[in-house]
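Next, two complexes with chain A in common: one pairs it with chain B, the other with chain C.
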Partner chain A sequence: MSELFQEAILVSILAGTVRIMTPILFAAIGELVTQRAGIWNMGVEGTMLMGAFTAYIVATATGSIWLAVLASMVVGGLVGLLTAFMTATMRVDHFITGLGINLLVAGLTLYWFRIYIKGRAQPTFDGFENVPIPVLSSIPWLGEILFSQRLLTYVAFAAVPAIWFLLYRTRWGLELRCLGENPKALDIKGLSVTGRQYIAVLIGSVMTGLGGGFLMLGFSDRYLADITAGRGWLAIVAIIAGNWLPRGVLAAVLVFALLESIATHVQVLGLNVPHQIFLAMPYLASILLLMGLRRKSSQPLRLGIPYFR
Partner chain B sequence: MKKRKFLSIAGASAIALSSVFVSAQTAAADDPTDLNIAIILSAGIESPWDGTLIDSLERVKAEKPHGLDMNWQYTDPLWGDDAGEAMRLFAESGEFDVIWAHSTYSDQVKKLKDEFPDILFVVVGSGNEGLGGNQYWVYKRIHEASYVLGVMAGKLTESNTLGVVGTFPADDVNDEINSFFAGARSVNENIVQKVAFIESWYDPGKAAEMTSAQISTGADIIFSLAANFKPCEEAEILCFANFGDQHSYSPETIVSSALAFWDPDVNWIIDEWWDKQVNGEPYDGNTDIIWRGMADGGAGIAPYQALADKVPDDVKALVDATIAEIKSGSLVVDVNVKNPVSN
Partner chain C sequence: MTSINEPAENLFPEPVPKWRIERRVNPKRSWTFAMYALATLFGLFLSALLLLTSGADVFKAYSALLKGAFGSEKALYATMAKATPLILTGLATVVAFRAQVWSIGQEGQVYAGAMGAYLGCLVFIGLPAWLYVCLIILSGMIGGALLGTTAAILKDRFDVNEIISTVMMNYLIVFLLSYLIGGGPWTEVSTTVVYQQTGPIPAASELPYLLGSTKLHLGFILALTAALVCYVLLEKTPLGYEIRAMGFNPIALAYRGTNIGRTIIIVMAVSGAIAGLAGVSEIFGTAHRLRADTLYGLGYTGIIIGMIGGLRPLGTVVAGIVFGGLASGGLYMKLLAQVPDALVPAMQGILLLAFLCAGVAARYKLVRTEKDV
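Then we have the complex of A and B:
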């Protein structure tokens, strides 16, 4: 076990943690906005998958990864529009809507992928490279862990305080949080509940699409079906484990990614510990946290409950 | 008297011979001219596992075995009950002679094989049950090719640390990994092995992390069974791939690949089907695994292509000699399916 604490290994574990965090953090912090508005979007996995798929198509078709990033956000937003239409306008059960979107996206992306590649010569692309920040990347340990990452990783971390500010330091954020607790109060004041829910879902879905885009452009050079591999679900678990608070979500994603990174290194170092235990821990930790937080839960009271005037 | 007897025997023989000839001609005229195969894919046509099967079918089709015109139709990746339902639809359509289920599908075949005794079912790889009868069990081991790559890696490494990123720790995955390290140790006894499984058939994110972790622990050559070579590109180290020649995916890192050729397996299945159709031989599917290695044309290694300069001539000669020894039988690469771990 002592091998884990060697300097190079520790740095590798922590740098890996930051990389693994990025796509999940985009989705989790974005969907936090959606959930605080009372919409329980269970279609995060599908939205992320659509973002990843679109990023692949655009990156290979145009050669521009920045266009691919933009496309993944736009498509994430379109999936979000569908989610918002179903949940806020049609008032369909949020869980059924989310699960339906996941199934729809899984089928559509596979179908479009087959049409696009037309055979076995699958096109590839050059994705994001690490962008070391001058001076900061030279700091021992921290430089490699925090400041020699992909550009979008810095954006993901910057999004956490930005979302916190939006939710807790602006009037719009106050109204949005009110949507999740007591939408009738807004409605009585003559403010649009549905309009605000649309915007909240759009913010979450655009960021989730971006997470999917990063997963594609930052980790791989080609697409395969269901490439998100449950990361969307992990984002939802992170929101629950983080008790619907930005700092909590950040901490939960950090812990999940750290556990995955440790699991990776445990295998590589050949330590006599079943690495699957670390992969199961995020889910176990969430269940325990939910049990422990029952009395102090910050879960929005009207989360997942369609609003009828 | 003797002359008359001779003439009658000769006449009878001529009649008998001509009737045999005529019946043989009739049988030849009735021989099947088409072979239709339904294929259940497990990972998708773009994956090396499934893609190499289609490559092999195309090569065999061009050879027109038994004069047959081969046609096939394949599905998207299907598992479990979905795969079983697809097999049933193919079988009930009456259009397919062979249903080739390209992974672990014997549970599904078990429910169908007796209902459709004229169809030849094929299952492939580890995790299957040898049912016999009209189910044939194709196995693919590319451990010999992996051993050869190991020989190359053992000579090319400077850190003496080699990494392998696997998919699942399955029988026909472990054999590749163990053989790779055995090959490396045959030329370099100081080899340190690093092994990690992504516990999925495809997860680029996890594969990237596993590869990065191995590089951080000193590995300077990676044998990736998980098909993500980006970390190798970033670290500017050499990589090996498996099943298909994946050089085009990362021309600056992939020196060679351990290749799977299904051609002898496809020909075997066609011969078995032909025997049943033409000679009336009943299907007699294998209950134990049968695999065809380098000597049988079932495996090989990819050419160096753009990275030929990275491999010194003496290493190339050693690789060629190792392949020759394996093909001649003077070198037998042990099949070691124990779960490999790092050391």
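Then we have the complex of A and C:
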């Protein structure tokens, strides 16, 4: 293999990594807000799938991918509303709620998808194009890896410091984090616990829906059943592995995306091993990451425990 | 300046509502039953709305569903055959969830069970028929139990959340199967196209049919036996006491001297073995070759069935038969009313969420306040 070719593959793997990070990062950084508020949303996978499915329907029906992005966020929010109703209002166990949401969405999307494509060829759409940033994108190597990406990829990376600022530098963020540690304190001050929980779940779910939308519109031109393939779960693992800190979450998502990007390049690399091994890497890595994890210092104390006055 | 001690209530008297919601100490059976009946109706209503989105005639679709599920003797046997793996994965859920081990690894354990049994069917070939079938069933149960135990050890030794580890293993096991039957050593030979399946299993290894020409096979008896075993295990043995107590108060149980880690491992081994049995039953009773698509979703549906069955073995059998009816009636509905049978999983999801809400609602009552203030 020539050196030039190797360079090109390396750049391609890294640029792919950044793109693959996008949907998981949206979900992970959004759900970090939810989890910081004490709600352990296990329905991320379902929320993301719903976002991706909606984006597909809207993109093919209207031809507008930005309308599709908007729709995926709205639908993500609707699923979030259901999650919040179950966890914050009905106070059903958070894990069970999430499982229920996942199963419901898996069924709904499959059903509507079958109806949508009944009796015709599956419609396709034109996904996102790259939007190179002027000047920066002409830096050798780095320009191609970081600054020739889809528009929403830049947004996802900008969301990390934005969420950090919201959580750690605003009064709102302080109250929200307090919700995860000691909701009673807020309640005694006369601040609404349930209301804040709703907002936290909605922020997470809207961003997860957006992640699903990007997954649909940024990588492919048609929908497949169960297209999220566990990325919602990876987002949850990234939060735990990242010790509930924005920078840690970012690092964990980077690991998953790098593994997946390598898997998509296996054929180019010409390695003679079953491709399933590479496909399995992110899932295996997530178990290993959680096994090696000893720090859970920043886990919200009341995470996943319904609050009764 | 107002005094700090001044009671705030006097300044802003809160309006007292005439009705308020109160927690029940001991929920009444009739009230609980009414709530679940309401949830079922609500679920059917929402599913009817779903049917409308497909432009189907709701009445026609529902009656086709019912007729396909329980309309004739033949339909009934088909329903029981469909219910067989679902009862088993439901029971696997019951054992784990009663101990508050939130395993959703039933899906992967079904695959592991099917793979273990297929391995057994290759290894033990040539043995007397009854021994052959017994060993196949046993190796399937071991396959499921191994996967379950892995999650338990990860939880006990490494503090890995069991939901996450079981989900990840569900994906991993599917990749393993996809390798084995899609190019690996178990791939069906003599075909040029890879179908992602093994060749047919030896006739001697098939689970025998129970009644003449019906689809009902030995697996159904195994499922009912498993339900009985689960009932005895949970309600009548010291281990069952520990499992139930772990659900209520693990800390107290630890003080009592119970080894929590050991109990979790046993729970997951039992749960995995039962789920593995579902895989055996589906491959050796119905499909007669190992392939992935016949196994898909059995584990996830089992979670719904276990939950709707109230995490009790008997309730799970009933819920399993109802859901088996939905699955086999769904095919009939697809044929007669042109509704995609994917309606069934959507319906199951709706029913689960409705039942969860009903379970909460049953623990409350609406009380009229004595006097107006």
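As a working rule, the second predicted complex is superposed on the first by the 271 of 309 C-alpha atoms of A that agree within 3 Å, B and C clash if a C-alpha of one lies under 4 Å from a C-alpha of the other, contacts with A are read in each partner's own complex, and residues count from 1 in each chain.
By our rule, a residue touches a chain if its C-beta (ideal position, glycine included) is under 8 Å from a C-beta of that chain, and two chains touch if they have at least 3 such contacts.
None of the values given here were measured: they were computed from a predicted structure.
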Is A:290 touching the first partner chain B, the second partner chain C, both, or neither of them?
second
For A:9, using the defined touch cut-off, is the partner it touches chain B, chain C, both, or neither? Pick first, second, both or neither.
first
Report for A:236: first if it touches chain B alone, second if chain C alone, otherwise both or neither.
second
Considering only the touch criterion stated at the top, classify A:185 as touching first (chain B), second (chain C), both, or neither.
neither
Based on the superposed arrangement, let me know which partner A:279 touches: chain B (first), chain C (second), both, or neither?
both
Could you tell me if A:110 is touching chain B, chain C, both of them or neither one (first, second, both, neither)?
both
Which partner does A:174 reach: the first (chain B), the second (chain C), both, or neither?
neither
Applying the document's definition of touch, where does A:265 land relative to chain B and chain C: first, second, both, or neither?
first
Where on chain A do the contacts from chain B and from chain C line up?
110, 114, 229, 276, 279
Hey, which residues of chain A end up touching chain C in the complex?
42, 82, 86, 90-92, 95-97, 99-101, 103-108, 110-115, 118, 229-230, 233, 236-237, 240, 274, 276-277, 279-280, 283-284, 286-287, 290-291, 293, 296
So in the complex, which bits of chain B are touching chain A?
44-47, 51, 54-55, 76-77, 163, 194-197, 199-200, 202-206, 208-210, 212-214, 216-217, 227-230, 234, 249-250, 341-343
What does chain C use to touch chain A in their complex?
50, 53-54, 102, 104, 154, 158-161, 163-165, 167-169, 171-172, 175-176, 178-179, 183-184, 300-301, 303-304, 307, 340, 342-350, 352-353, 356-357, 359-360
So in the complex, the part of chain A that touches chain B is made up of which residues?
8-9, 11-13, 15-16, 19-20, 23, 110, 114, 117, 119-120, 122, 124, 127, 129-130, 215, 219-222, 224-225, 227, 229, 231, 260-261, 264-265, 267-270, 276, 279
